[in-house]
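Take a look at the structures listed below.
Look for chain A in each of the two complexes below; its partner is chain B in the first and chain C in the second.
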Partner chain A sequence: MTPLEFLQEEFENVRRALDETLRHDYGPGRVRDYYNECASRLTSIEKALAGVPAGDAQQISDLLGELSRISFWIASRERSRLGEFSWPFEDVLRHAAEALLADKNLGGSTIAPVVHVVSDGIEYQISYEPSTSSSVNTHRFVTISFPRPLKHHVLFHSLFGHELGHAALDTSTSGAVLYGSVLTALRATGPLSSAAALNAWLHDKAAPADIQGALTAYSTARKIPFQLTDRSRAAWLEELMCDLFGLAAFGPAFVAAHRAFLMPIHPRPYHVRIDEPASTHPPFACRHKMLVRALKLLGWGTPCTATGSGAIHRAEMDLMNYLKDDPYVPWAQLLTDPQITAAMSAIQGLIAAQTYMGYQPPTPDAVTALVTLLAEGVPPVQATLENSGKPLLQSTPVAQTLYAGWVYWLGKAHLGTSPKLTFFETNRLCDHALMQQSAIDLVINEGVI
Partner chain B sequence: MPIMATRGWDDARATARLLVRTTLECLRDINKAPDAAASLNNVYRLLEAYRVNPFFGYIQRDVPEGKPDQDAVRTSIRDRHLSEVRTALEEAVNAVFQGESKDAAVQAVENVLRQITYPQHGAPSTAERERVTRFFQEVSQRLTYA
Partner chain C sequence: MIQKRELIASPILSSEQIGAASIDLRMGNVVLMVRARGSSHVDPAAYKKHALSGAGLDLEVDRRQKHERYEIPFRERFLLHPGTLALVPTLEWFKLPADVQGAVTARSTWAREGLSIATASFVEPRYQGIITLELANLGQVPLSLYPGLRLAQIAFSRVDGDTLRPRRGQFQLAFEPQQGDIAKKDDYPFIT
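And now, the complex of A and B:
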């Protein structure tokens, strides 16, 4: 078998795989776009195959790579595990991804990605097909990956806000804003303005003992002082941008999830990875401190309800105290207030312009209604009946439902009667609320009633 | 290490080579190039990523070859060797668009691609077309040995 014959055989194999799987409806809706994109890519390769000289080993190898990539997308669809993630949250993310991750083509048309959702692995991930992909026919694929063990934990799912930021960086539309005004703000001054400034900060006498000890151990062992590279600075800037992106998308619920989820896996909050070729993430303490400052600057660090709201207000206070608790030394502050304000303003503009996503504080009445429902063990949606039997329906943005969930969870000591809901039960109720809210929004928007 | 570990199926150099090869075909005669619009839009996306993203190919996110991912199942295609693609583009810009900014150079290339893909945007001059052809030849040459 010659290399060209192998390539032709491989092409037929991939075509068979596509027809045997995606030709059939695989899961509810939307599979057609996915199938069409894969089929179009195969058609392009078929056309290219016709002109490949038998002796062009490089082109044959490169086309085999193309076929492998299409096989990857087919296999990815097969193992979606559709029942193993929160469908209402998936719907939220799908809409956000289609709006925020759309790109422009050469002709100026807006091209939305084909979004694919899986339950897989243990991490929150949103992966955009690389910008270098040569096989795209019209749409790039976006894969949203829910961590399998956290099937119903919608209160943690706001961490997807950070991942959406990463994917948005890989577009020429949202990416232009993030790499433009947001990045300009974050590196305008201070430790992130240059690699030299970052290393001066790292080696500063005000650094915590944990850092100083690690740096001393490194220089003793290697006979040279540890230096963060400019690549690390770039990676840190991207991570901070994505944290702010998550905050803009989901508000205080993002900060709550960020702290609850990340703090336990960072037993050394100031730690900088000096055992790897390049440190990819800033210390957790720096990220938390930035988010706490941003919350205060945005005015999201105070309860929505007034003191007169009694138990609900006290529950909100408990959430605020949790969010704003910043036990870390001033050294961990990488950004000034004007830097954070400018960056957040640009991100909020981006989100507001392209999608319904983006946090706005709920009204005091909404907080009271939603948290009271949770305390009664009912999904938090604003849907009541008039005396005449006519439903009174209100649209509650996802970020506000999550906010109510966190208020209940952290302030439950002030609410309702025992036994209290577990964290899992609180999540299940919020998950149900998102599903019910989809139906309510449909009724409101379509004018069914 | 698995026997297939040496296959470069997620090698950004390979995809860039394919893109450049098709682009050169389109610049020679767009009517003879298969799926010209789709291919040139893929090149455009690559060029825009390089133009807009100052960290394009700069931040190392790759899992080293042969090292398995931590996740049980891979859900994304890694972009290995993106830094070599960045270098090839950078050197080609410097070779063909001496003294011009990266933005201006990339947009000049994009304009020609736009005009040959969508003739309603006008037609590139012979000099513009030749310059863009030279640019992709420079990229191709660098990717061959990257």
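And now, the complex of A and C:
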């Protein structure tokens, strides 16, 4: 088989694989979008294939590369399974991703990505097709991966806010703001301003014993002091930026998920990986401390209900105490208040333009209504009846539903006399509420109440 | 009762849903369809055999593989073909007080098109969760069904005195349709 024959064979293989995906309804909707984009790319390759000389090894190799990339996206779709993710939340993510991750082509037109959600991730992850100069790409693919076991745990799903930040950085539209305003603010001063400043901070006498011990062990073994590289500094900056992105998108619910999900997997909160060429994440303590500061600076660190307003207020206080609990030493503060404020302001400006994300604190009445429903074992949506029997429907943003979920979960000791919900039940009720909210929003938008 | 929150039916999206003593039920987003390829037949004897042998896993596999589960977003349809059965949840979440029960039936408009709520199911006092609708197409042409459509109705009636649900936890929430157990212990004497 010649290289050209192999290329032709591979082309048919990819086309067959694509056709196979049509046999199943992979998840709610968007099958056609996905298929059309892949088919369009294959058509472009087929045209190029017709004119490839048998001896042009470079062009054959390039086209094989294109086919390989399409295969990857087809395979990621093929692996997905029906009914294994929370589609109400997926709907939220899809809309957010389509708005935030839209790109501009060379002609200046806005190109929305083709978003697909799978449940086979082992962690929360968003894979964004790298920007390429390929002539066959019309739309870029985005694959959002849920950890399968956490399908219904919508209270954790706000962690996707962080992942969206990573993906947004790779776009020409959102990425320009994140690089230009946010990262610039985060590295304007302090330990993250340069690799030298970062290493001075790391080796500071105020560093916790865990850090100092690890650094001593390293220098004893290798006869040179450990130094963080500039690559690590860039990675840390990106992680901190993405944490702020998640906070802007989902508010206190993000901080609650961040702490509840990440703290258990970081038993050494000050730990810096010094056994790898480049540390990719700042210590958990630094991330948590930054989020606590940001919460306070944004005014999101106090309850929405008024002092003395009863059980709901006390439940909110329990949530706030959980969020603001900061047992870490001052050394872990990497950023100043003005840096955090400037970064948050730029991120909030970026996501304010679209309706599916961006936290605004709920009104006291909304918090009371939503948390009371959860305490009664009812999905938290604002849908009541007027005296005339006419429905009174209100739109509740996702971040506020998640906020109510965390208020209930962390403050349930104050709420009602009914048997308490489990964490799973709390999540499922919130998940169910997101589905019901979709219906409510449709009715509101159509004006058919 | 709804305004006083003695009975919760949430969300009510239109006043058209509310009758004198009934509420129209909208179709939710999960569909369980019986899979033609899943098993050769349904036999309560298999349930009995698995239960008595302690092979609970086999029983669970049988149950789960009997249905294909779909999640259908709003504005997308699923086709209910003639002769097929689908279990779907209501969009509404219910919480019944101790002295009210409900009876679920089809709406006549859809019944005239061939849609049957296969069994008129009773909803016990104190029930909390979605209600499972057992949809069957008795007509000759497929029915295109969209989540959010008003397909069924629940009629309420008072029950004298307080009630308990002796074999079910008072606060057990039902989130989506589940397969039932077609062979209860007291059925065993009648099954070979």
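The definition used in the following text is that the second predicted complex is superposed on the first by the 435 of 449 C-alpha atoms of A that agree within 3 Å, B and C clash if a C-alpha of one lies under 4 Å from a C-alpha of the other, contacts with A are read in each partner's own complex, and residues count from 1 in each chain.
Going forward, a residue touches a chain if its C-beta (ideal position, glycine included) is under 8 Å from a C-beta of that chain, and two chains touch if they have at least 3 such contacts.
Since the model is a prediction, treat every value here as computed from it, not as a measurement.
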> With chain A superposed, do chain B and chain C clash or fit?
Replying inline: fit
>> By the touch definition at the top of the document, which applies to A:Q348: first (chain B), second (chain C), both, or neither?
In response: neither
> Which one hits more chain A residues, chain B or chain C?
Replying inline: B
> Touch check for A:S309: first (chain B), second (chain C), both, or neither?
Replying inline: neither
> In the superposed arrangement, does A:S174 touch chain B (first), chain C (second), both or neither?
Replying inline: neither
> Now for A:S158: first (chain B), second (chain C), both, or neither, which partner does it touch?
Replying inline: neither
> If you stack the two complexes on chain A, which partner ends up touching A:S418: first (chain B), second (chain C), both, or neither?
Replying inline: second
>> With both complexes superposed on chain A, which partner does A:S279 reach: first (chain B), second (chain C), both or neither?
In response: neither
>> To be precise, I mean the smallest distance between any C-alpha of chain B and any C-alpha of chain C in the superposed model; what is it in Å?
In response: 21
> Which chain A residues come up in both lists, the one for chain B and the one for chain C?
Replying inline: none
> What residues of chain C sit close enough to touch chain A in their complex?
Replying inline: 2-3, 8, 10-15, 18, 26, 28-30, 68-76, 91, 93, 95, 128, 130, 147-148, 170-171, 173, 175
> Which chain B residues qualify as touching chain A in the complex?
Replying inline: 7-12, 14-19, 21-22, 34-35, 37-42, 44-46, 48-49, 51-55, 58-61, 71-77, 79, 82, 85, 110, 113-114, 117-118, 144
>> Under the definition above, what is the set of chain A residues touching chain C in their complex?
In response: 25, 27-29, 82-83, 87, 91, 373, 376-379, 381, 383-385, 387-391, 393, 418-419, 425, 428-429, 432, 435-436, 438-440, 442-443, 448-449
> Which of the residues in chain A come into contact with chain B in the complex?
Replying inline: 40, 43-44, 47-48, 50-51, 58-59, 61-66, 68-69, 72, 76, 79, 103, 105-107, 118, 120-123, 125, 127, 129-138, 140, 143, 145, 169-170, 172, 175-176, 179, 183, 231, 234-235, 237-238, 277-278, 280
